[in-house]
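Some structures are shown below for you to check.
Each of the next two complexes has subunit A plus one more chain, namely subunit B in the first and subunit C in the second.
Our next item is the complex of A and B:
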């Protein structure tokens, strides 16, 4: 009878070979500090994943070209190991594990979206690896007592708060009762948008207004005519939409096609969906909350002012008419790392964590100061309106450069 | 019976690998744990698609169902699930070690039982369908489940559920020192779930190995080969189909419960009911290895997992092209899969005796005679029949 290995032997041998083949490296290699990040390069978050990656890269380039990170009198360069999380939390958590255990990464940059951050934060927490993230805004990330999670952005309940406030103010001015203000809501069924929705509902309750439509939209949204048909019939005073870039693009397209005449429309992710260049005059008057705007008077040691960052970013990456805030905050997260390394003057991750926690800096992206829970409490959200194809700040009044146009012109 | 004699060292080698891997390669624990889950995926799919000939595209349904049942069981005894999953995240929670393991044990058991119940219920509906209709019907079931769960606020809707955190210590000192790295208390979660996944895969394999050798296994094959005839012969096909599906569901439900806890965060579409990733992978792995064989799914899953882990992260943006290529190559060139192909080439490796003794030889002889007769009639030279 023949002597051959059985299938089982082959399986075991193959598995062993695969395990041995993968390389391992360390957190600081020679004169390079290695950061790690799982980012959505494919899948439904890929648009914003790439905006974030561009943001990380532009900041890393700038730091590496201007002397690097100085620790213990020596200058180090920054490098990021990127993996593609395919926009799914399951993959994101596995890749975080891989970055930490196999690539030896000790310092993490965040992924894109609240869902992915929710999946990765428990992993970084478990290994006590500090993570500075720039794209996970969900409030629930900061109520879990995570000690190693820091976010440079404002949390999600603030996204549409000023739009709701504005609707109440307009009603007051027009002498309309607040409970007669009708609001239509359409939110994507994903962790981020549901969290924004929770914030909006709190605000609406507080201000005593009325919700007439409360629709959940599927992921990877490509059609919302059902909601918009209801909007035409019920004529709300304010339409609120949130659904990442794809959702914003779909909403803008169909609002144009169906000639929706709602006087006030607020939606997240206008910039990253590039609605102005795609849909032109039809999006005039949309209110878009933003974490950052190039017209704000923020200024910092790196990149100079917000406007300087805008210029540099557009010169570095082609195809951007408006720089999405996703890129700006990603760049800011890298700056937090640089400052923290230098202040800690050490690569010990506990010392670096301490340094991050005590961050207090002014950047082109705004002020950054973390609460005990790890979210940035020093920077407001601003509300912009698209006026004649430009994004102008209309709220809060401290930063407003233009008056809000109401009702919006329907074209 | 050569196959059997050679099988033993194979089992031993695999068992030894399974046992020492987490000690020798602590950094790869999660990836190897995923390998065991992939093997469970392929094996349970093959029970339906390979042994019984019912190509289910919706088996992932039980994975998600198990995951959600377990999550609810882990939270519900101690907190209000609706408050726990509220998107504003205002509820602060902490689980003691006892609460965690009690919840997990309850979750795993009920995930298994719940999945079996669901399989029996849905079996009543979908087993009225055959062939491609069955495939599409089950796929629809899994997709619908994802959407429905996504609309159910009590269990978090599209916002998902963050699972209780594994109670691991905070000591900075490693717990064990092993050759290629230390095991820290932070790694305990990985090690714990590694073992549960390994045991699950081994149990699934041994159970199916036993099952396929029983009369029940033959009934499944009979349904695959000709369901109408089997029915005519008095095989209670509906019963066998439902039981087979329940067996798949049982193991898949447990795998879902474990996977949810490994990842630590679940939401309906991408983690719990990922029809386009895991749902397709399980079919592909079984086809790649060889459907309808015991070892095929194991080999297919191992190979697939290795290809995926080694190449995917290095081929950013191309991984789906690689997956597509793999599907095309498997379907076009390897229809029987690796084991199926080997079985045909080298039946003796598998302990399959090709019967050339009586019936085989008689058939050969008859063919040779017929050929000779034909050649004689034609007046040509008599030749040795080619075999």
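Our next item is the complex of A and C:
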């Protein structure tokens, strides 16, 4: 039996030896600063995981080509060690340990999704490794007192809050009492969507409107006719839906099929669910929040304007018709690292952490300034409306390029 | 088993201490009632409001009923496949849902290539039949005589491989194959409900498929062989039936039925590589409730489950829609247990 296994055992032993022998001082190798990240390259988050990876890579490429990171008068290049977390939190946490303990990584970029970030943050916190993440929006990430976690994106409770605000403005204009504004809510039962819900509830309370439906969609639910039937019976003024791209696709499909005539519908993940190409004119008038859009007038030192980033990204990676905001914010996270190293003028991770905490910069992705809790408080969520198949910014009014269409035309 | 003497144990009052003591069933029942009470108290306010809505806008009942029946028919189809495999081979096929989703992706693939997804139905049946045969030869044949856990693990493994395979090929996005059939709005008594033609079409197709399978099982040589093997595999072997072939055929037939169900699912709902598990669970619930070899039972349970899901989604909220599936299973099992206990006592 032993004899039988020996080749396999030898290979395994060699592999283990190789892993153990890996250098434990990989933080800066020669003229290269090594960052680490566990990203979802396979599994259910793989699409967005790869968007994020492309975002990291385009920024690293740009920095390396334009003089690198200057620390102590010397120019350093950036490099990232990526591992595939298979979209599972347990694996993500393991890989973070591996990056830190075996590969000696001292600076981390975040994974994709709130769930993975939640799994990895305790690990980076334990080893006091600063992590700049771009894809975990759950607000519960920033209520745990983490010191080494920073996020460049807006947190999830802001996602649909602007839609509630917009409904209030529309009601005021029409001379309707705010408490007569009826709102139907359907949120998936997962950390992200429940955060979105918490933000929505706060705003509904603040503005004194009425909730008529408050349904929670199970994780695997591919049918929401029951909820939508209720919507038809109760005729709310606003329907808000959040359940990642599968929720958006299910809702868009069944809203069309059940001919739901609600005048205002807001949902997250319209873009990633590709509702326009899938459901055509029936989704006209839907309101969709986004972290970033290439039409915004943000401008920064590294990529130029949002539109410039859009152009460069499309030229670098083939197959993108629109640039996902996941890629844009990933690139922004790398920019934060570069500036922080230069301002700290050191590789000491505590000093770099402090430099990150005091970040205040304007980029193509919007302004970045971290609260004490680590989330970015300088960039708002923008609300786009699908008008004739195009996404146009309608709120907040400072960045709006178009007027909101209300009520939406029901096809 | 009729005993000439009167039943031996003295009748004890329902829920009396003696009755509780005499059997575990009393406690189970009490716990169940307590659980139902707690749930009802927790949700009662909202649930009552929703019931009122159903009374006022009564047309929505038609909507829920229709949607439930239409989707329930597809549940029943996949469940019947499971009942076959379970009953004939005693394999609890955990990748049932993945076969459904595979069928769905066949429809989606055609749709994405500008071919009407209806054509997916024959293609899915043929392709999934072949696929089922391959899986049988590669895996199932080797685990069929082993204990329960081996076949559970094997089919669970197949489920994972299929999920990830579909994910690699089609990506993790939610997809749908649109049939292009219109939705009609029906107005009755001042309210309206909608009626998607694709759902009715899928319902009729389901019926036709079920009928075809029934006739096949009753009339054809292979159908008879399958039934014989289900009754007693060893005896069937003695009679000259090639049970290995029967098993392969049964397993492939199940995959084909699931594939057909999947095509319909892709046209009326949405699919994603990881959505299989809910279809597996539904199939298990239906078969457990109805028993195998009981086609009318499977159909009734499937339709009932479809309607129950819609109503609980409406009344209790969408978060209870899937809880209903497992909740009903629990109730069925407890009820069975009680009946069985009572039966045993009478026999004693």
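The criterion applied here is as follows: the second predicted complex is superposed on the first by the 382 of 411 C-alpha atoms of A that agree within 3 Å, B and C clash if a C-alpha of one lies under 4 Å from a C-alpha of the other, contacts with A are read in each partner's own complex, and residues count from 1 in each chain.
FYI, a contact is a pair of C-beta atoms (placed from the backbone, for glycine too) under 8 Å apart; a residue touches a chain by one contact, two chains touch by 3 or more.
Everything quoted here is computed from the prediction, not taken from an experiment.
*Asks:* Pick one for A:410: touches subunit B only (first), subunit C only (second), both, or neither.
*Replies:* Touch partners of A:410: none, neither subunit B nor subunit C.
*Asks:* Return first, second, both or neither, reflecting whether A:218 touches subunit B, subunit C, both chains, or no partner chain.
*Replies:* both
*Asks:* By residue count, which of the two partners contacts subunit A more extensively, subunit B or subunit C?
*Replies:* B
*Asks:* Report for A:307: first if it touches subunit B alone, second if subunit C alone, otherwise both or neither.
*Replies:* Neither subunit B nor subunit C is touched by A:307.
*Asks:* Applying the touch criterion given at the start, work out whether A:357 contacts subunit B, subunit C, both or neither, answering first, second, both or neither.
*Replies:* neither
*Asks:* What is the contact status of A:392 with respect to subunit B (first) and subunit C (second): first, second, both, or neither?
*Replies:* In the superposed model, A:392 contacts neither subunit B nor subunit C.
*Asks:* By the touch definition at the top of the document, which applies to A:42: first (subunit B), second (subunit C), both, or neither?
*Replies:* In the superposed model, A:42 contacts both subunit B and subunit C.
*Asks:* Once the structures are superposed on A, label A:259 by its partner contacts, choosing first (subunit B), second (subunit C), both or neither.
*Replies:* The second partner, subunit C, only.
*Asks:* Looking at the overlay, does A:195 come into contact with subunit B only (first), subunit C only (second), both, or neither?
*Replies:* first
*Asks:* Could you give the residue numbers on subunit A that contact subunit B in one complex and subunit C in the other?
*Replies:* 42, 189, 216, 218
*Asks:* If you look only at subunit C, which of its residues touch subunit A in the complex?
*Replies:* Residue list for subunit C touching subunit A: 46, 50, 53-54, 56-57, 60, 63-64, 67, 71, 164, 167-168, 171-176, 178, 183, 185, 191-192, 194, 196, 269-275, 277-278, 309-314, 317-319, 321-323.
*Asks:* If we count contacts the way the header does, which residues on subunit B are in touch with subunit A in the complex?
*Replies:* Contact set of subunit B toward subunit A: 2-3, 5-7, 9-11, 13-14, 16-17, 21, 25-32, 34-35, 86-92, 147, 150-151, 157-160, 162, 165-166, 168, 184, 186, 189-190, 259, 262-267, 269-271, 274, 277, 295, 298-299, 302-303, 306, 309-310, 312-313, 316-317, 319-320, 339, 346, 348-349.
*Asks:* Can you name the residues of subunit A that touch subunit B in the complex?
*Replies:* Counting only subunit A, the residues touching subunit B are 1-16, 18-19, 21-22, 24, 41-42, 82-84, 86-90, 93-95, 97-98, 101-102, 115, 118-119, 122-123, 125-128, 138-145, 157, 188-191, 193-195, 197-199, 202, 216, 218-219.
*Asks:* Which of the residues in subunit A come into contact with subunit C in the complex?
*Replies:* 42-47, 186, 189, 214-218, 220-227, 229-230, 232-234, 245-246, 249-250, 253, 256-259, 272-274, 278
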